């Protein structure tokens, strides 16, 4: 249950309510927000007086629920915004991993050239084998910061585990929590204490319910800036790397209040399908796309098969604009 | 392996080759086509003289393979066509089941009004329970024929099992083989002997490889008019009825030569997601959509949750035209 | 809802009830059984007088439900029986396909030698490619009949589609409906009119609910002799061919009244795992096992990788007896 | 590739080899072990002299591979052992979560009574909702330590994220890495530096390949004491909580050298299936079982539906002994 308590209620009452109802307490300019387990269905008598408004839920999708807040939340990232009534579809482009200054500079220039605001690249790679390339770590993060400074781009990179979450929060404009880390409460709770925009990827074996509940870990900590990212789920089909779940995206758009971004590159796993899927995603009216692009995909140190080259990316971005326009949105 | 044998080769040689190579034999105006198991990788010496051209394959996706025929096959349905270089995206609309003459007439009028050429509705319903509504059977088929006569529409209905496949072939403009019947060789082989367009749906537990191989049963019988239909696969996610596999569609577009149609209604299972998904499918550049629409969805005898009403359908079709245009296609 | 109506009720009343309640009507020695859609929750007033007993259900698992009949149904196959209070675990052994008289005779002798009562082998193969070996068809069926005559074995083979269901019912002791045919109402309804034992395999993409409802098609036709067979479902894991669902078996044992048989060979897809899985299945207390065994597995015309050889089969059967004994069952 | 280098090789040569080949270096009494990426297929000429033995692999399952070490590794836990040639099947019992001293004492007494050596209970619960019971944390760990002291039991608990991994390593006899944490390199690498036995659970969306590669993170750090635990994967079937993958267990037994333990409680999600599944697992010849048992399951603070009560556990353990004996193993 979510309760909005009056600003002028005694501090002691609010604290007692939070304790007694086993609730998270978020302080807003207009009211106090208490979030209790969803099993609670009625405002207890002793707190009725200080309760301005209350919301009941079937399950633990509460702060993220469309039944709590109908309109998609607006998230501000540097000087751009998505969600709210912006009708923006943000493109996030860049290589799978930072590999060298030359490589990431080439990517940053491409984004700048096409008016794309946000550069992505992995530094702490959550590889499934200890014997693969593990990323440049902090060195990669420093290179990304340099790109921001040099080209005025927003930067986003992924947190692999909670041992370096503070570094990533400190350096990036959007913190990415990847598919393998999205149940990690060490990361989720830490991100909940920050106010950085968080791009939360759905695990490939994660139900929509669990996915939204992972967002609740962040939201209940007081960070409103959560963006959901669908990146393909694991199914019996193996001709493609994963299965992009657009039915799930329709569900998220209907039942949550969070912006949704899609990652067709990881879902497909092969570059040939990325342009078609990207156009499909834009036509669904989502808030953004994450696309892997590499100066020389064949020699990439990770995910070589799915990254597109710079010319394909240029043509793709060009083709997305009329599709966006057809559904009343703008590519940024 | 596929071999094209010369028209003027001795009949006895061709028959012997077919027998000896365990091959399907299809007679074309320009040549004889022999299709052997894909394990054969070289034209046997004794047939080299009569072989005009030959094609080797990694697996049993042969006649359907893009490596055999690069361009998507054109399929003519009454006075319309899809595939080839038509750039048409065909809408097939109508209720889940024929329920009454009044109901199906209302649907037929809607298609006519919007310039939609093809009316769908089930007569032989492949329900999973013996205690549910099983469809009107032949009576439904007669009503569909009446709609064709009265409104000049193409009609399509589903074959449930091979006991009534001849009736459906005789009456419809497109024969639908549903997700549960797509391994049924009684149906597949019979459809291979016909020349009617066949809309073959992917089973919800069927790999892309098996799906295309089911099409090979029809193609190897000599019927070129096969349309593939992706309608959602079964995954761990249960908030939506199925998971529409657009990565799989990207695969089919890349590796096969068959037109592809999508069924967002069955994939989603809920009407709220159908418009968004339909726009996504059109933006992918597919050859058509199958959309369930009912005069009064709430009282439908089957699949009540996923059928949209007439006004929603009107608005949806209107919104599809600019999306189609943005990707160089025309809604018909 | 299931109603038991009195034997001495007027025939007209029973017929009217069946018609009015949209019910299947099965005549039993002790009473008439009417099975209505499960949506009916109360005996209509006008039939209360003739109703001896009634059973209400949450869903369309009715005749098969443990809440209708607590004890597992007994199924008699020739001179053996499973289910009921027999505590028998029946082994069904034999090759994937009948390939030749020599081959199937070798298999039949092996069963005879080990005291195994039932010989399996496919004649009408539901292959996923038209270019693979499709089975010997009727010729194979004749060879199986010869084995029965010569060695006194029960025989079982699979129906591929409804074009030859009558042949299989006429010739075998158990009719197998395979994973790809289990939604085929042409087959299911025809088997419901017979009294032959039917071994119904679960589709690899089929939920337990749908699986049991497929059995309802047979049971509601009046054939009580249905055996369920779990043979592996399709999941994201591809190191093994399928995933044997023993949790599902636990569900079937708890919530249905039908005997359950398992097929570890198809689930595993590789011979190395078959013995361990077979022992696991027997320890679960199931009613039987279907095991593929071939005189020379490496040269088998279908499913070569998963068939075990005769010596492995001998050792396996020997190892199953103490496991069966440990859980109070007997291998037959 | 794995190389065994001679003990008397110059230290500088070994260090250079490790650096040059991008290898993990493990010091063994008999030789140095270098583990390179599996892409390396031949011992470089300059290291041939110091190489005693080398092993080539198809993929990054290396230290865990049966082709490296045929026999299952022995893991010693306190005064008991599994794997090797012990033929022991270890039972790990206890509640889902530590809830109170009274509750965990009751569980500990039950283990003691039945001669079960290891007590399990969660302290840091990786719940999917922030609004559920999150476990007693360090307080729970202290209670488990008390049980060890009082009853002489081994104790095992789960690490949720890397913020408290050191506490769990310090306190327990087996460190459990749960299904949601098994990609967490912060945890995996830290456990690789320890010598504590690690029970690594398979993620519910994790392939067998990825699962074994997660073990490689620990093994390559120098910790040999890794136990794999299959606990059910997520499939389309929802009547049971997960699907216990015994085909996968057959694969792990064939292709790896690590002991395997099963968790039927989490797989099933309902107590009714736990005894049957437990017997099946024991008959497969696995190295252990993890079973959830609670003094009063109905009032459990987490996973109430799947925990069995004490009497059911007593009867279950009793029934496992003859099954174990039938397959040549001993329950400990």
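Going by the order they are written in, the chains are A, B, C and D; count residues from 1 in each one.
By definition in this document, a contact is a pair of C-beta atoms (placed from the backbone, for glycine too) under 8 Å apart; a residue touches a chain by one contact, two chains touch by 3 or more.
Small disclaimer: the values here were computed from a predicted structure and weren't measured.
Engineer: Which other chains touch chain C while also touching chain D?
Structural biologist: Expected: A, B.
Engineer: Looking at B-D and A-B, which pair shares more C-beta contacts?
Structural biologist: Result: the pair with more contacts is A-B.
Engineer: Provide the C-alpha centroid distance between chain B and chain C, rounded to the nearest whole angstrom.
Structural biologist: 32
Engineer: Can you check how far apart chain B and chain D are, centre to centre, with Cα atoms defining each centre and the answer in Å?
Structural biologist: Each chain's C-alpha centroid was found; their separation is 48 Å.
Engineer: In whole angstrom, how far does the Cα centroid of chain A sit from the Cα centroid of chain B?
Structural biologist: From the centre of chain A to the centre of chain B is 37 Å.
Engineer: Which residues of chain D are in contact with two or more other chains?
Structural biologist: 205, 209, 233-236, 238
Engineer: What residues on chain B touch chain C, complex-wise?
Structural biologist: 22, 24, 35-38, 60, 62, 126, 128-132, 160-163, 180-181, 183-187, 203-206, 209-210, 213-214, 216-217, 220, 234
Engineer: Which residues, counting only chain A, touch chain B once they are in their complex?
Structural biologist: 205, 207-209, 232-233, 235-251, 253-254, 267-268, 272-273, 276-277, 279-285, 319, 322-323, 325-327
Engineer: In their complex, what parts of chain C are in touch with chain A?
Structural biologist: Of all residues in chain C, those touching chain A are 205, 234-236, 238.
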